[in-house]
Each structure stands twice: as structure tokens, then as C-alpha cells.
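To start, I am sharing the structure in question, which I have written as C-alpha cells.
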Amino acid sequence: MGKLNRRDFIKISGTATVGLAATSPLTEIWQHIFPPEERPLLDSEMTKTSTYCEVCFWNCAAWTYTDKEGKVRKIIGNQLDPHSNGRLCPRGTGGLGMYFDEDRLKKPLIRVSDKNGKQEFREAEWDEALDLIAENMKKIERKYGKESIALFYHGKTGPHFKHMLQYWGSNTNAKPASSQCLITREAGFIATYGTGLASPEPTDIKNTDCLVLIGSHFGENMHNGHVQEISHMIDRGGTIITVDPRFSTMAAHSSKWLPIKPSTDLALLLAWMNVIINEELYDKDYVEQYTFGFDQLKQHVQKYTPEWAGSVTTLNPADIIETARMMGAASPRVIIHPGRHTAWYGDDTQRTRAIAILNAILGAWGRKGGFYFPEKVKLPKHPHPPLPKPAWSFKDLSQERHKLAFAGITNHIIEHALPEYTGPYKVKGMFIVATNILQSVPQVEKVKRALQNQEFIVVVETMPSEVTGYADIILPEATYLERVDDIRTSQNRIPNIALRYPAVEPRWDTKPGWWIAKEIGLRLGLKDYYEYEHYDEVLDWQLRQVGSSLEEMKEIGVKYFPRKTPMYIDEYTDEPYWFNTNTGKIELYSTDFAEWGYDPLPVYRPKPEGPAGYLRLIYGRLPMHTFGRTINTPHLYELRHEPVLWVHPKVAKLYDLTNGQEVWLKNPKGKVSNFSIKVRITERIRHDSVYLPHGFGHKGKIFVDGKEIKMSRAYGRGIADSELISDVLIDPETGGTGMRNNFVTILTENPHKKEVVS
Amino acid sequence: MEERLFQTTRDIEFLYPHVHVWGWPIATYLFLGGLAAGILLFATLYYLKGKEDDMPFTVKIAPIFTFIIIVIGLLLLVYDLHHKLYVWQLFTTFRIKSPMSWGAWTLVAVSIFSLLWPLSYIDDIEKYLHERGWRRLDNITKFIRDLEHNWVIPRFIILTFRKYRTFFAYILLFLSIILGIYTGILLSAFNAHPLWNNPILGPLFLTSGVSTGSAFVMWLSNNKKERKLMSTIDMALIAIELFLIIHMIMGLQAGPEVYKQAANLFLGGEFTVWFWVLFVGMGLVLPFILEALELKGYHIPPALPALLVLIGGFIFRMIMVYAGQMSEYPF
Amino acid sequence: MRYAMAIDVNKCVGCGDCVVACQTENNVPIGYSRDWIIEITKGKYPDLMMHFESQRCNHCEDTPCVRTCPTGASFIDEGGIVKVEHDECIGCGACIEACPYDARYFHPDGYVDKCTFCDHRVKEGLDPACVSVCPTYCMYFGDLDDPDSEISKLLNSREWYTLIPEAGTKPQIFYLK
């Protein structure tokens, strides 16, 4: 009792004193000596603004909470959102650090030095920078045509610029994320089912009995909805099978871990088919009703026995058979997860097709506990005049070579931007929007030469990354908490939309993407395409077309719409389900591929081995980072900023390594990592490989009016694997860039140490 | 193979790789506390034994230093606080289970009595100084005497103290023992640090504190009899210390894994040389030998063993503070 | 009322969301954290086991931190929540030394800071921030005195362990095996 009184007394006297001092000059002194406690706020004491996350493509809907002073305090998932169910991942929760980062680009910057020396810029006003951009675009148009201006983009800012360039007359664009990530998987599924998977993948994990992860690393990637559903599945006692050369987080949570030899995944998939077909574990009715080419498949996989696969993959044939039986037992409530970032070994469309086929024979497609049919809301486009038809576009760069290059291929655009390219489709100017192509695209040297060959480069970014150093003009973009973007309409079980609306004013002299794109467009004479003052008007118009409004969305953040079609295939009772393929069925045997000269059924071909003394370079993810984008983000940097190189104890012995020792990596082409990385000796990896998280090793810096600008926290930390990826295996069907067949050796001495002249 | 790693970085100051909240200020504070306890223990003990005039330095002069020693210790304690402006909070409550609270109150009490004790002897002190030709402190002694003669309250306090000195001597004796044990208990109250968490630490710190007290008298007294007596006592204390140390290490070794690891800090681990060579060797065994030789009639400069004991006592506390924090349960 | 937390290590993926959520909820200064995650790997390739432990103050029943606090700034609040009254803390570090879990640290302002089980939320009937954001639903918070609470049922039906039981602190954070 006495205790309580005293505590209360101190509180009261403290407040009273502060209250009295409020009018006196003593206030500051008092508060300096006894700073008022920053107590946590209740949600009811704050204002919440709808947003959806921009830290990764999952785009979880959330609320940004700001206090009475207008300061961003926290970001919490929107309970209504089927992508996040009200629970963000660490990157979403820590996303406010992107706004708070003091290293952000703060003002438009114009290059003053030439590109070969120090990257020097000066600060400029928006008008000057935008005028200069329009002027240079017109110059390139006069010399080469509008099409010669290419766009690399990522995230939700990208479309504003894509549209601006399309309005103007250029459709030469690519998402680096596409050719390196999803294109091969989408192609594999399109060839099989006539439809791709898109994001979030419509895997019915929460209802499945058996989840097979082959090159999927949930828990290391935080694909939020799926991570959540896996938890529910674990609660239900479902089976997880993980195929991974590392004992990954999911491997640790699995009933069965198959530590496969890297690059042999297709052999395992084919052997699984062999067992499932020969032991008649497949879904016979389903195969009968919905698939085409089962007999060809059956004959094709006969040679791929578990024993054969065992010798190729280094796995125990008994384990291959056992896991195949586990899948068969769960059929059709089984998912062989298609994964993301499926561009690995140059035969990735075929490998993902094998995954698609395996799912098909197990009857998983369109089935509860397998793959559901997703739905999304179609928002009508804000009316604008028709698009001009460019003389050529990204399709002309790729589709001759790769039938399934349905999206722009970054590498092809880069090839057309190189000085040695002499053909008609030259790329001479670039917009690089919210993507750091010097870290996300392999063969960095080639990318650098392409950048140096440009007459004009605009970089739109929030942070000083590697690629900003190659810009002629750098435009500082507002972060997602400070801007409005398009309505999120991505697919899910329930069709839904989500609103991103600014919670705070842009810091410094930064501007939202839509405003920047519009201002450039106006300077290019595209007034008719931009008949609005503020992007709010576009959103409100679009929302009203579907029976909502901006006002309503600001209140609720996420809105559901009723489904128009059944979620599972069994619910199509009136007429047989028609697949969008040549045969109208699931094509186990691809008729398109047969026609185009690709393997109509996946064939295993061994991949080149690394030279003696070299280890395979495996790169991956940390759950608290989205590659290189978040390493510098204050909160996320604090969660993890020390990447480590996983090496098996045998390797450690061979190279005489100790835990925590700093090492450098070198690839067979002699490329050496810029920085070092600390060693972690662990049993969690095979002895033929090393593993490191992607996204570290930032080394971009620019000088603004003589002052050095860089990511102060991330700079020089760890190794950027992209520097070491010199060998890219091209996927013939799509042009996807396989990056996993690269090898490194470990250097214990600093290769950059200046030699002492004696 | 077992790995334990941080999945999320936690580079918080003072916590990793092992807790390191306390450093030299606390070690010094513990040393000074023990020293003051030792000095006061002898002063009060010999006063109560009626040796007031036989051992003037022990009883009357040495306690002058205790007040200064304790004030320095308290200042170090405050210096080591991270929320210094709130230090007064220590004296708004008494937490019976908190050694730190015990220490704060005990030190304040001891400091008051250790100030009054020499004040009550002011005439004797002046005489003692004059006998040795020291007149530089006359101003101070005069000031104190003026205080006593001209001001009612100080006079009342000093006179009362002088009148009931025996009573106060008992109190001070009791407080000095508390203080001596406290310096050990402070550390041994922390279960989280197996090295500290052993019952020997209290007696060991008390013995070591008393030993430094005797060394202090040995060093500064120029009364041969006093020095010889202290030397004998110190030898006994060193013997007890050695016994306790062996006991402590054996006790740790008999314990669970973390306790064994704690013992290993001294048995091949980081503190082996510090502990065995600098503390046990130079701070206990060597002064013991020197004292023994002196008793046998060899000529040894009296300051030498005394300083060795004092330095050894300080090193011992530094070792215990630093090593104890390294002795932890795995995270 | 006896608040406790159970964490299912079979579901935790060690993403660190609990750590950031705590930081933003409680205004924990950048560079500090009231909770953190440990990875524990045992075995030899390919027979391995690995799990994560989201750790924080164990809100022990037997609290060495509260015991050693000289001012009473560290105290046990309603429901067994161990808290620090910042205005009474002198920053002596005794509680930091006393805690076997490294759960306490010096706030840059000098006082000792730690997990509060988000008592400001708990009073509103909400889960602590870490529990409420966890994308794997691996954390459970509730009242052990209520036999019908989810946490009581989980602890009755599943095997669990606590951290450093030999320190004798009776932790109230339970890890479900």
C-alpha cells in the first residue's frame, strides 16, 4: 500500500511540476534532466490510414498508425485482408523504417561529372529535372525513335512510368523480377493447364494433407499467406516433405527432408512420377477426365526409376519411393509447391512443368487441399485516348527466340543496349524505376557496359543504390507510406481490393510516383492522357465503377466482392471444365511444345559441374529482408545485418576455417567478391555447396555537391552473390535466366589488399 | 554438434557476449568497502578490549581514513549508476532482500559513525600528530574543536558519542562486520552467475577485507607492537583465505556444468594467471612469506607485505567482478 | 490471474516479426530489443534438428531481478507481470546481473527497460504485440489461473520446457515441444 502511494505520488508530482513548468523557461531544462517517458500508445489514441505493403510483392493490406503529432508509430495488418489476415511479416511491421531511413534520396539530382570518374551530382529543383528529362527523351526520339527508351521497373511505382511511356509510344519494358523469377514457372503451368499461377499462388495449403517443397523456402521467404497456412497445416498434423541441399527452416519443420544434390531436381520429380504411375498411386478418375497424354507420360517416365534418380540426386531410392507414396496417400489433397524464383538451371520451364504434371496426376489442380481457382476484381481503366502503336516493343526482342517470353526479358533489353549491338532495335535511353538492376541482374559487368552505353538514364528511387550511380538524373520518390498508388486487386480465394493512401506527407523534397510520371507526361505533350489533378480522382472513378468509393475505402481499407465462379473443379457440374489449352485438357504431353520443337515431356539432362576445388554457390533469403532493398532499413537492419556464409564442417576443415572468420569468394572466371563475409560452420548444408543470403554487399555511392551519399548502414556489409554469378543458363522456352549453376572457392586472405612495394 | 546462434541480431551494450554491467568502479567500491570494514573492525575490537592507548593508530588514527574511503566508494557507486539523477531513490526505501539496498544503508550508517569516531578523539589525534611533528593539519583540528565548543548541536553529538563510546563501538563493530560480509553477499546473491553464487564468497570477502584492514594498519602505523600484532593476524587471515579459496573452487567443480565452467575460468581459463599468480601468489602467499620472515627477525620493509596484500585484495575483487560476469548460463 | 506465454517451436520460423512488432509497439529505441530469437541446431548431417526460440523476459514466479533491486523500481504487477518503474530506477544494473536470461538492458536514457507483456494492451483485453502479429500463430498468451484458457489447455495437453530451469526462477514462458 505504502509502495503504491509513493509511486503514485511521484507520478502526480512529476506531472504537476511539468504542468507548472510548461509556461516557464525551466520546462526545457527540466525535461532535459528528466525526459518525459515515451509510453506506448493505445490504438485508440492514434489515427489509422489504409495502406498495402510495398516491402514485397505479396502487398499485404495494413493500417499505418500515426500519433497526435503525425508521427508514424506502427504498421499493423488489416484484419479483413485475405493476404495477411491482419498479421504482417517482419518486413511489413518494420516497413516504417523505409520512411524513417535518413539515407533516403531527398532532392532531385542532376549529374555533373562524366560517367567514368567519380559519380558527382548536384541538387536541383523538380522543374529543372523534369524539363531536362523531357528534353532528353525528345532528343533520343529524334535520333532513334521513342522505342529506344526502355523501362526497367518493379513494385507499384512501376506502372505509372510504364503507362507514361506507353502513352508516349514506347513499350520496351521489363521487370527484372520476371525473367529471373516467375516466367519459367508461369510458362510451365501455362503449357500444362493453360493458365499461370500469378501471385499469391492459389495453393490451398491450409486444407492440404501433404505439402512438398522443392526449392521453396517458407520461413526464409515470408510469403505471408502461405507461411500462415503452413502453420495451420502443422496444427492439423499435415505432412511436409522438403527437398533442399540445405537443412532449411522448412526442412526442420518437415516430416521428411531430402538433401538433394543441387541441379538434379528434375530427376527426382521424374522418379516420383515413375513411382506414382507404376504403383498406381495417381488419381485415376481425374487423370481420365481432365488430362491429355497420360500414356505418353507413363512410357516416358519408365526409364526414370528411383534407383536411377538415387544415383543422380545422391538420395536414397527408398526415400524417393517413401515420399512418392506419402504424396499418393494424400492425393488429391497434396501440393507440390511451384515455388518462386524458379529460374535455376536453364531447363526451368521443363522442371516447373514436371511439378505441374506431378500435381495433375495426383489430381491436385482445382481440388480442395490442392490448388484452388482464384478470383480477382477487374477494375475498369480510367478512360484515356487509345495508345499509340510503337514500331517495335519488348516482344520483338524476345519472342523470336523464346516462344513463351510473354513478358519483357531484362537480359534481352540489356543486350540491345550494349555498344556491340548493331541491329534495328537499339536501346539508347533508360528509365530505371524502383529496381536495382546492378544487384538483381546477374552478369553485372555486362549490365554496367549497357548502362554506360546509354545517352540518358533516369533513376526513380527512394534510396541511393548501386544503379543510382549510373543515372543522369535521379528522382527521389516518396515511400509507400507517403503516397497513393493503384488499387490492389490481386487474386485470392475471395475477390478483394485494397487501398494504399498516404499516412504522412512526403519527407524532404520527395514526390509520389504518379505525380512524377504525370509531370513528365505533361512535358511530353500527353495532356489528354492526364486529365486529372490528383491520382485520388482516378481511384475514386475506378472504385465507383465497382460500387465503392475512395471515401469508403479509406474507412475500411479492404473490400470483398462475391465470387462469380466455383473455387474447385468438382463444383463445375453442369458442363465439363474446359482448360485453355489446345486439347482443352491438362496437357501432360504439351502439344504446343511438340509443335515449337521443345521437349513435349520433361527430359532430365545433367548440368555442367563446377571445377575441382569449387563449391556450388547457393544464395537465399532471410525472413527479415527483401533482398537488397531492406538491408539499410533501420528496423530491419537491426534485426539482421551480419550475413554469414554457411559451410559444412568438412569444407571448414579443408580450408582451415573457424567460425566467424572473414573470407572472400572467387568464381572460376576469376571474379572476386568486393567485400568479405563471416563463416558459419554448420551441419545444415551439404559439403559440396556454400550458402549465403542474397541482398548484402552494397557498394553504391554518389557524391552530391561534394558530399558522399550512400546506404550508410548497408554499405560494404557482406557479399553480393550477383557479383559472382558469371554463368547464366538460358531457358529455351522463356529466356529465363538460370543463376544457380555457379561455383565459388573460398579465399582466406584479403584479395584487395594493396601489395606492399618492397 | 550443437549450434546456438542469434537469429535476430542483439548487439546491446553490456549484455553480449556476456553481461558486463559492472567494471572497475564496482570492484574498487567493493575493495574500499572491505578495507573500511577491516579498519573499523580492528578499531572497535581493540577499543572494546581496552587497548585504546596501546594501539593508538589502530583505534584512533586509522578510522580517520575510513570516512574518506567510504565517501570515495559511494562516489564510485554513484558514478557507476546509469540513471544517476535518481540516486536518491535508494534512500526512499529499504529492500530487505536486496544486497544493494543493504549496502547503501550500511555505508551511510558506517560513514556517519566513522566520521564521529575520530571526531570524538580529536584531542588524542592532535596529540598523536604533534608527537610525530605533524602540524600541517592544525587548522583542521582547530576548526573541529571550534565547532565542538561554539555550536550546540555538534557539541551535543560529539559529547554524547564520547560518553557512550562503548555502546557506539558495539554498533560500529556490528556494522563493520555487516559491511565486510555485504561486499561478498552483494555478488553471491546473483544466481545467474554461478561463480558468484556460492556460500563461500561472503566469508571470503569478509576475510579478505579484514586482511586489507590489517595491512592498512601495518603499512601506516609506526608502532612496532601494533605492526607485529597486525602482521600475525594477517598471516592467520591469509591462511583462512587460502583455505576458503580451495574450498570455493572445489565446491564449484563439484557442481553442475556451468559451475564447472566457472571454476575453469581459474583452472586454465582466462583468469588463471590473474588469479593464481597475481592474487594468490603475489597477494597472499608472498606477503605471508614476507610476514613470516619478518617475525623470524629478517629485515623486511613493513610497507612491502602490506601493499602486496592491499593490491592483492584489489586484484581479487577485480577478478571476481569480471570473471563472475563471464560465468553465465548459455543464452 | 497469472499471465503466461506458450510458444510452439514446431511452428516458429524465426522471422523476427515479434521483435520488430515489440519495437514499434513500445517505442523501443533503434538498436535495442526486448525480445529476440535464438536458433538451436543439433545433430549431424543429414540427421538434424533445428528450432527457433523467441525469447524475452520470462516474467518468472521467483524473480531474482525484483529481489535484488535496491529501490523497488522492479516490481511484480498484477497478473505476475514483472515491470520496471522508470522513475524509481537508479540504473545500478543489479537486476541485469540477476537475470539469467539477459532480458533486461539499460535504456539509452539510463533506466532499465524490459518486456512488459504489453500490459497496456493486455489491460484492453488484447494480446501482447509479439503474439498478435506472429504470422505463424506460434505464440499463445493467457491466464494460467483460468483452467479453460487456451494456454492452460495447451500446457496440460502438450509437452513443454522452460529456459534455464536450473536457475530456479520458475519461468512463465513455456516452449511447446
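Each chain carries a letter (A, B and C) given by its place in the written order, and its residues are counted from 1.
The working rule: a contact is a pair of C-beta atoms (placed from the backbone, for glycine too) under 8 Å apart; a residue touches a chain by one contact, two chains touch by 3 or more.
If you're wondering where the values come from, they're calculated on a predicted model, not measured in any experiment.
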**Chain occupying the middle, per Cα centroid** = C
**Message:** So using the touch definition from the top, which pair is joined by more C-beta contacts, A-B or A-C?
**Reply:** A-C
**Prompt:** How many angstrom lie between the CA centroids of chain B and chain C, rounded to a whole number?
**Reply:** 38
**Message:** Can you work out the whole-Å distance between the CA centroids of chain A and chain B?
**Reply:** 63
**Fill in**
chain A and chain C have mean C-alpha positions lying a whole-number Å distance apart equal to 33
**Message:** Multi-chain contacts only, two chains or more: what residues does chain A have there?
**Reply:** 3, 624, 638-640, 682-683
**Fill in**
In chain C, the residues touching two or more other chains are 14, 16, 19, 31, 33, 41, 43-44, 52, 72, 87-88, 109
**Message:** Quick check: what residues of chain B touch more than one other chain, meaning two or more?
**Reply:** 1, 3, 5, 7-8, 92-93
**Asked** Which bits of chain B are touching chain C when the two form their complex?
**Response** 1-8, 10-16, 19, 21-22, 77, 80-84, 86-87, 89-90, 92-93, 95, 97-101, 103-104, 189-193, 256, 258, 325, 328-329, 331
**Interfacial residue positions of chain A with respect to chain B in the complex** = 3, 6, 33-34, 624, 638-642, 649, 680, 682-683
**Fill in**
Per the touch rule, the chain C residues reaching chain B in their complex are 14, 16, 19, 31-33, 36-44, 52, 55, 64, 67-73, 87-94, 96-102, 105-106, 109-112, 164, 166-169
**Complete:** chain A residues touching chain C in their complex are 3, 7, 10-11, 14, 35, 37-40, 42, 73-77, 84, 87-90, 93-94, 96, 218-220, 222, 224, 227-228, 230-232, 234-235, 247, 249-253, 257, 259, 623-624, 634-636, 638-640, 648, 682-687
**Request:** Using the touch definition up top, name the residues of chain B that touch chain A in the complex.
**Result:** 1, 3, 5, 7-9, 85, 92-93
